[in-house]
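Each structure below is given as structure tokens.
One chain, subunit A, appears in both complexes that follow, with subunit B as partner in the first and subunit C in the second.
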Partner chain A sequence: MNYFIQIIVSGLTFGAMYALAAVGLALVWGAFNMLNMSHGIIMTLGAYFALLWAEYMGMPLVLAAPFALVCGAVVGVIAYFISAHWMLKQKNFEVTIIIATFGLGMALEAGLLKFLRELFRTAPYSQPLSLGAKSFMVADVPVSYQRLVVWAGAIVLIVLVGLFLSRTTAGRAVRAVAQNRDAARLVGVPVRRIYVMVLALGSGLAAVSGIMLSSFKDVHPLMGGDPMLKAFIVIVLAGLGNITGALYAALLVGMVEAAVKVLIADKYGFAAILILVILALIWKPAGIFGRSTVARQ
Partner chain B sequence: MTEPLLRIDGLHAGYEGQIVLRDISLDVPEGALITLLGPNGHGKTTLLRCISGLMKPSKGRIEFAGKRIDGLEADKLVARGIVMIPQGDMLFPEMSVYDNLKMGAYLPVARAKFDENVERIYTLLPRLKERTTQLARTLSGGERRMLAIGRGLLSGGRILMFDEPSLGLAPIVIDQIYEVINDLKAQGRTILLVEENADRIIELADRIHLLDTGQIVWAGDGHELDSQQQILETYLGG
Partner chain C sequence: MKRRDYIIFALLLGIAIAYPWLHPPRYLIASALLMFCYATVVSQWNLVFGMAGIFSLAQVAIFALGAYITAMLGRYLDWSLWYTFPLAGLGGVFFSLLIGVACLRLRGIYVALLTLAVSQVMFVLIQTDSMCSSLNKVLNPATCVSLTGGAQGLGSFGSFGWRSVLGGRDWIIGDYYTMLALLVVGLVVAFVISHSRIGLAFKALRDNEELARSRGISQFKYQLLVFALSAFLTAVAGGFYAAHFGAVGTDMISFPLLLFIISMLVVGGIGRLWGPLLGAFLLMAADEVFKEVSDWRNVGLGVVVLLFMVFLPEGLAGAIEKGWQRIERLFGRRETLGQAARSDDKASSESGD
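Showing the complex of A and B:
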């Protein structure tokens, strides 16, 4: 019973973080087939922005998450204008943009390693969403209040994204662009402006998920790499661009990882996720929730 | 004579070195219904794509309301009043009928009048009203075409460009769609219509242009076309 609760608790926590990171990635892929390889470093930057805001600027902790969200969005916009904007008309955009954003991510990571390593070597730190080590008990398992903050944060943000996409004119335009770009242009949607907006939104979400991550892990320049990989796995597993599917897939990945870590050993968690993906893709090549089938040419 | 609303002058266009349209010139006066008739694959849709900004012509000019517009982006052209009503494959498949219609009124001017206009669309195309919550991908071919028409009409627009409204549809559905086009003509809307099938437009069109392998080979009104059986047989196989 205890194992079970332990798995649920950490599975939900992993799932919530992966979901937030994956939703950002899936949005950007869905809108214009851009796999943003700099997503991970933007998560890292989110944690750093919050740290800067709270510790070095002495601003109120509560506002650190919105601050990081805005900064993440700005980084997303900059990333758009130094990469995607010039490459959209290329024939192999889907491939070249992966390489370009990968390069961008490496450059940013190198910059962080060079300039901020010394500054932030003391980690983990008491970050904005931190409630310290206090916890409550569920059956005999301690559940920290910190986990509740992560769950609530993920749920609120994902619900807000959902409402934005379904209820607002701008959100409807994002869906329109994702479903049929030319048709969207024919009704007057400025498609490129939508791309910028989506990348800003996706990157803002990445930044916030970076803060959440930093409540469990050290803040260091390479912290975003592993969760970005998991977010990629989540969106591939769900079917690229499928946002609702990504939520379920994130929970599934989180649960499997937690189960293996609790029942077998920590080091097998990632391997288990990879096996899960391989099996899922053999069974459904377009992802669990993907509609189209992928045929090899 | 007053300036036509839309003027195309010496237009060339193509894909990757392959020329699809050669030296196309035609005028669409305000309030007229002008048609472009021709077999499949001879450049009709390409011309509409050029006018609506989805594609850039390689040579020539397009003027709308006295201003040069070729090379402008599609979303800018919708704002100026050029509305293309594409074939049924240009919808938003994962959105409901209502959301698709709402997207038609994306621009602020159209959005302000959406509630009032959508009722008019439901009267004109009652089938859409029965299907408001259904996803566009689940509609039949005819219903999709009607949705494309409804969405286009909600954009407002000074000129409506129909891309083969009868393609692949059952005769009874084609009748319904042409009834709508007839109504629009009676209301004085300016229409550029692209068709493969001469029967429906001979009576309706103010002027017909015959397109063959990317060139306009003949132009005149419906009665002239009707009396020249040889033209019909040569270009449209009867």
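Showing the complex of A and C:
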């Protein structure tokens, strides 16, 4: 019973963080088939932006997360204009953009390391937004207040994204572009502006997800790589571009990872979900929530 | 391949054979032979990605697998490494066939994601391998390290054996020629395959899958074939890498090496005959330059990859080819006119959004 509660608690936490990161990735893929390999470094940067705001600028702690969200969005826009913008007409855009953003992410990560090594320190910082280990008990299992904040934050942001996509004109335009780019352009949707907007939104969400991650571990220059791969796994499981599917898949991945970590061993958590996605890709190539097709184009 | 290409090949081979006789500094010989090793891997990757159009990221994992097979056979069974290389190659082929079967129903981006996941599983499993398995306790009673060496890597399993033949100073020249031989075999194999009927089938499937299949080209057969063919020499190159360095570790499957090797392909030119060689040479040269400012190495590599993908997605070999055609057109040589017109057609059909 204790194990069960432990799995649920940490599974929900992993799930909430992966969901935020994965929704951003799924939105960007849905809008213009860009798989953003620099997503992970944007998560890391988000955690550093919060740190910068709270520790070095001494600004109110409450606004650190919104500040990181805005900065993340700006990084997303910059990333668009130095990579995707010039590449949209390439024949193999889907493949070349992966390599390009891979390079961009690598350069940003190495640059961040260099910058921190010279001006600050590369050792981990503790996240100022973290509430520490204060916790309450649920049937003998300690649940930290930090987890509650993460759950609440993830739910609020995802509901906001959902409302944005379903209720606002801009959100409808995003969905129109995702459904059919040419038809959207024909009825006057400024397609390229939508691309920028979607990348900004996805990167902003990634930044917030980075803060959440660092509130359990620490802020570290290399912290983003692992969760980015997990966000990829989530959107592949869900079927690329399927946003509601990504939410369920994030919870599933979080639960499986938590279960393996609690019941077997910590180190097999990542391997277990990687094997999960390999099996899913082989047996259900359209994603577990996708329609079945013979091959994925 | 025209006569021009044969001449370039002979010239480069001559330079490579003569190079050690010029008594260059030792570290340059070491980088050159490392370049040969990477160029072999890239030339085989070029078959999968450039010729068959399958964006597989598993090549680095196959390379590492070959190295680990060599290292483990050498260490635990005390085999001479020369016997382990064919086994490493076969192991790579088997592993690659499994991946190929798994990828059969996937296209484009999904292949990349699946193969990335496979290599990550391998990385994580080796990195966290800290068990003293019972088998290992028998083989290694004194120092119980984990079977794969875990995060520390694996060492002391032998070498090519040139040290006993050529002595403690010149053994590296033996390693140099061994790698060079591997690269020559790799380039010849890549060339022969891409100009055979098999190569034509790969290209047909890449350019228009439906048409190719309706003409009776089996996607199943040729996809598995390209995965198997490209894996053998990649895994052997991994074995050679292990034999040269005398150590293997998880950095062989890590992201930085993947980026480094993919940059060679991208900078050289995906799907071009001379792309792998050009890319490996330029990236190794850039690496030597960036070594002076080692902090900037990955920043520089990342930016180079980004810039090439944005501005020169066909790589340097592609750009040189185009420039050459333009020069030939300027001088109005008749036999190239048709070619130039064809490349114009291609360019205009590509520019549609």
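Just so it is clear, the second predicted complex is superposed on the first by the 280 of 297 C-alpha atoms of A that agree within 3 Å, B and C clash if a C-alpha of one lies under 4 Å from a C-alpha of the other, contacts with A are read in each partner's own complex, and residues count from 1 in each chain.
The definition used in the following text is that a contact is a pair of C-beta atoms (placed from the backbone, for glycine too) under 8 Å apart; a residue touches a chain by one contact, two chains touch by 3 or more.
Computed from a predicted model, the values in this text were never measured in an experiment.
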{"item": "Touched partner set for A:271, first subunit B, second subunit C, both or neither", "value": "second"}
{"item": "Touching partner for A:75 - first (subunit B), second (subunit C), both, neither", "value": "neither"}
{"item": "Subunit B versus subunit C as contact partner of A:143, first or second or both or neither", "value": "neither"}
{"item": "First (subunit B), second (subunit C), both or neither touched by A:189", "value": "first"}
{"item": "Subunit B versus subunit C as contact partner of A:207, first or second or both or neither", "value": "neither"}
{"item": "Residue contacts on subunit A - larger count, subunit B or subunit C", "value": "C"}
{"item": "First (subunit B), second (subunit C), both or neither touched by A:103", "value": "second"}
{"item": "Partner chain in contact with A:180 - subunit B first, subunit C second, else both or neither", "value": "first"}
{"item": "Sites on subunit A touched by subunit C in the complex", "value": "33, 35, 82-83, 86-92, 94-111, 113-114, 117, 225, 229, 232-233, 236, 240, 267-268, 270-271, 274-275, 277-278, 281-282, 285, 294-297"}
{"item": "Subunit C - residues contacting subunit A, complex", "value": "55, 102, 105-110, 112-114, 116-118, 120-121, 124-125, 128, 255-256, 259, 262-263, 266, 295-306, 309-311, 313, 350-353"}
{"item": "Partner subunit B, residues of subunit A touching it in the complex", "value": "169, 172-173, 175-176, 179-180, 182-191"}
{"item": "Residue ranges of subunit B in contact with subunit A within the complex", "value": "52-54, 73-75, 78-79, 83-84, 86, 90-95, 99, 102-104, 106-107, 111, 151, 155"}
